[in-house]
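First chain A sits with chain B, and in the next complex the same chain sits with chain C.
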Partner chain A sequence: MNRPAKLMIGLLLCLFALVLLWVFHAALMQSPGARLADLAMDSLPLSGVKNPVTAVLLSYRAYDTLLELAVLLAALLGIWSLGAATPGFQPAGAALAAMVSWVVPLLILTGGYLLWVGGYAPGGAFQAGALLGSAGVLLRLAGDERAGLPSERAQRRLVVAGIAVFALVGLGTMVAGIGFLTYPPGWSKWLILLIETAATVSIGVTLAAAYAGGKPRSRASDGATP
Partner chain B sequence: MLDSLALAVTVPLLAALLVTALPGRVQTLGVIGAIATALVSLQVTVQVWQHGSLRSDPGGWGAPLGLALEADGLSAALLAMAALVALAISIYATGYFREGERRLHFWPLWFLLWSALNALLLAADLFNLYVTLELLGLTAVALGALTGQREAVAANLRYLLVGLLGSMTYLLGVVLLYAAYGTLDIALTGAAIRPGPVASAALVLMTGGLALKAAIFPLHFWLPPAHANAPAPVSAVLSALVVKAAFYLILRLWLDVFGTIVTPAAAGLLGLLGAAAVIWGSWRALRAERLKLLAAYSTLAQIGYLCLFFPLLQATPEGPARDDLLAALVLMAISHGFAKAGLFLAAGLVQHSAGHDRIDELGGTAQHLPAATFSIALAGTALIGLPPSGSFIGKWILMTGAIETGQWWWILVILIGTLLAAAYMFRVLSRAFNEAPTPRRFVTQASTEVPALLLALTSAVVLGLGAQLLWRLMGFGVVA
Partner chain C sequence: MNGPTLFGLCGAALVGLGLYGLICQPGALRKILAFNLIGSGVFLLFGVIAKRGGGALSAAGLGVDGDPVPQALIITGLVVAFAATSIAVALLLRLAEISGRSTLERAGSGSHSPTHERAPAPERAA
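Right after this comes the complex of A and B.
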């Protein structure tokens, strides 16, 4: 593409952005105040958690989150369908290996903390899962071909665990007669924690497996205890 | 106390989890999952038939804080179509992906796609719709690239980027609506919306983003390569259901959210794009060298017909005439769903048996694959709009509406499109029948040929003769 055409497209995009900003300003001006934020804060005592973000994700709009987890799974299955992972890097040198053996347990510990703290402060399954995933990324960069994950069979079960627990809790509350994904009073906190724990594991495994970039290769140690 | 709306989403989701976790029994679990999903989807349609519309609140918070699932005649009709088409495709897939690595990848993605489709048709919340669009788009791309061939991967990478652009643009519109009206529920937003720059910008952004996904002319460039290079069952679901889902969403938004602010000019523009799609798509289908490419271009034209309804709906006041138009629109969408799925499945059989799908070299197909050829002919009946197909009734009401609202020029478009459709279908059939008659056996591989045949038969005969049921399902009076 020649320069004038590029310039023209840039100008048009700037114009489009300006129009959008103006419309967004107009939308904010005609706004009905705090929108749903007040309602979300007012309903917080009924939700079983003290952090409004966790309440939105796991209670008010839990069904959205269920489908979001399915999006993650679809992305990983899509990556797996394109073939086997490329071999990883060569084993790390002593300094990197020592750092990894320190950082990975810390990441897992911090992930557990974030999962728990999500009940009353910023945190939760997605943040904790991201930390677990980054532990997998570190392991792969340090030479572990499979990013610290178990065999393909086990990976398949781990990546579906989060959605499975989520959907089964939903079906359970439906069969109990209170409606799909409607937590009975008093149970909310523990059901949310159960769902979030399973989701954390699934998100972590999914992200690490996605970073490996393909279907896990079988290796000789499969089946043997690591 | 079972919530059929939630089940229609969770049953295929659980099926996807099972086939992911237990790859050893993927085929058996796939068939069981497909039957279960079709049953729970049809259950929703039956309940809408009995009680009118259904609504449920997952989480029990209710709008505006929580989100809701809702089924009315429009979504129930499309849900039933999706259930039957997807069931036929599932049975076809058991024969098509008989062994090998690919079926391990097909089934989990397929159930996730089905779940996304049901979730999209039942969603009553603008942000929830965005999530379903993402799930639908990702699974469709992954399934489309399943052959692993270079052209398929390239076409689907483009499809992925186009789809992301489309859903991001849609999301921009949702953000504007939430900022201005403080709710994401479709009914509440529709009640609060006022004409102004915000509503107009949201209308343009959301329609534009979805038009990209629905391949409305001139945003169709990604569709022919993506649909023509996918495995046959995937092409069928992309053309019959995935594109239709994006179109359904445009219709839903124009009816329920932007109903009060849509201007005749906006509807006229959509009609004009539809007219261009009818002529351009039919023309390219006539010139196509490959059967699957022909089917893909014909999808463009059929989406074009659906767009022609917008200016007429806009110009017709509430009442039986408008109800007829709306039901005719759904009837055409459903007929096309069945016909195109049947056509793609049959084209897959032809391609598998001949090793190619070049139309000029299809001589003798009628002798080798009589059932597949018959399916192509039946599907063609519906694509052209010959009686007794559902699209005959659809086109008839479309033309009546055009005369009654004084917009006679759309009739010319419909006539040209129909002539071109007849030409491209007969071009295929004349090649297929050009050898001596007496086929040996009508059906050669039942698990793949029977689903194609049933889909085509439904589009050509059942929907036309049973069209009145659709009016009843949508809660309208019976056609005059």
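Right after this comes the complex of A and C.
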């Protein structure tokens, strides 16, 4: 692409950004009016959790979250279908290995904390899953070819676990006659926690496996190529 | 300049920069990064607009900062953006591995930007 054309595009995009800023400003200046926020807060006592964001994700719009897990699964299937993962880096030196052996357990612990705290404060399955995934990324950067994950067969099960538990809870409530993913009052907190726990593990494994960038190699072949 | 305006400025700048990169950069990896830049800008704008619903809520003494619905939608959007990016990068790596190219231009039309063309790799037996 030649220079004047690039300059032209840059100028046009500057104008576009200004228009965007103006639209944003106009939206911010508008009177609050009727908001979904009020509705979300009104039904919060019924949802079983105290954090409105978790209530939106796991209760009011649980379909969204279910399909989001399906998107993650589909992405991982796409990545796995492209072939085997590249071999990882060489084993880490002493300093990096020592840091990883400290940070990874802390990440897992913090992930568990975020999962629990999501019931009444910022946190939840996705934040906790992201921490688990980053633990896997660290392990792979430090030389573990499989990013700290178990065998391929176990990975398949873990990756599907989140969406499977979610769908099973939904089907269970449907069979009970109260509708797909409509939690019975009193049970909702524990059902949400169950779904979130499975989703956390699933998300963590999916993110780490996606970072590895391909189907996991079997350990047997590792022995041949050290 | 107050907080929301600053965030809005950053969001608009990110969207503009991302669109520029998406249009003008020939390398596919740069296009993916630029696309993520647009996404970050949109999430930032959306997150700040969520503040609008929070005014009424914090006035009611609920101690909540911001409309929870956009926040939840952003969390959903982040995950979908991550999934799309990871599969795009995996496809790009595969493309580079098979054809030796890292751009989306056709082999014939890419002659004016030889720096982005690597020597074509021999055909791999599938």
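Here is the rule we go by: the second predicted complex is superposed on the first by the 205 of 226 C-alpha atoms of A that agree within 3 Å, B and C clash if a C-alpha of one lies under 4 Å from a C-alpha of the other, contacts with A are read in each partner's own complex, and residues count from 1 in each chain.
What we mean here is this: a contact is a pair of C-beta atoms (placed from the backbone, for glycine too) under 8 Å apart; a residue touches a chain by one contact, two chains touch by 3 or more.
Note that this is a predicted model, so its numbers are computed, not measured.
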* Asked: Thinking of the overlay built on chain A, is A:P52 touched by chain B (first), by chain C (second), by both, or by neither?
  -> second
* Between chain B (first) and chain C (second), which does A:M41 come into contact with in this model arrangement: first, second, both, or neither? -> second
* Between chain B (first) and chain C (second), which, if any, makes contact with A:G10: first, second, both or neither? -> second
* Asked: Touching A:E68, do we find chain B (first), chain C (second), both, or neither?
  -> both
* With the two structures laid over each other on chain A, which partner does A:V159 touch: chain B (first), chain C (second), both, or neither? -> first
* Contacts of A:G83 with chain B and chain C, given as first, second, both or neither -> both
* Is A:A26 in contact with chain B, with chain C, with both, or with neither (first, second, both, neither)? -> first
* Check whether A:L207 is in contact with chain B, with chain C, with both or with neither, and answer first, second, both or neither. => second
* Does the superposition put A:L181 against chain B (first), chain C (second), both, or neither? -> first
* To do: Go through chain A and flag every residue that touches chain B in one model and chain C in the other.
  => 20, 24, 27-28, 30, 32, 35-36, 40, 61, 64, 68, 71, 74-75, 78, 82-83
* Touching residues (chain side chain C, partner chain A) in the complex -> 4-5, 8-9, 11-13, 15-16, 19-20, 23-24, 26, 45, 48-49, 51-57, 60, 62, 64, 66-69, 71-73, 75-76, 78-80, 82-84, 86-87, 89-91, 93-94
* Sort out for me which residues of chain A touch chain B in the complex. => 19-20, 22-24, 26-28, 30-33, 35-36, 39-40, 43, 59-64, 66-68, 70-71, 73-75, 77-78, 80-83, 156-157, 159-160, 163-164, 167, 170-171, 174-175, 177-182
* Structure fact -> In the complex, the residues of chain B that touch chain A are 1-3, 6, 10, 13-14, 16-17, 20-21, 23, 56-61, 64-67, 69, 105, 108-109, 112, 115-116, 119, 127-128, 131-132, 134-135, 138-139, 141-142, 145-146, 148, 153, 172, 175-176, 178-183, 196-198, 201
* Asked: In their shared complex, at which residues does chain A touch chain C?
  -> 1, 6, 9-10, 13-14, 16-18, 20-21, 24-25, 27-28, 30, 32, 35-38, 40-41, 52-53, 55-57, 61, 64-65, 68, 71-72, 74-75, 78-79, 82-83, 124, 126, 203, 207, 210-211, 213-214
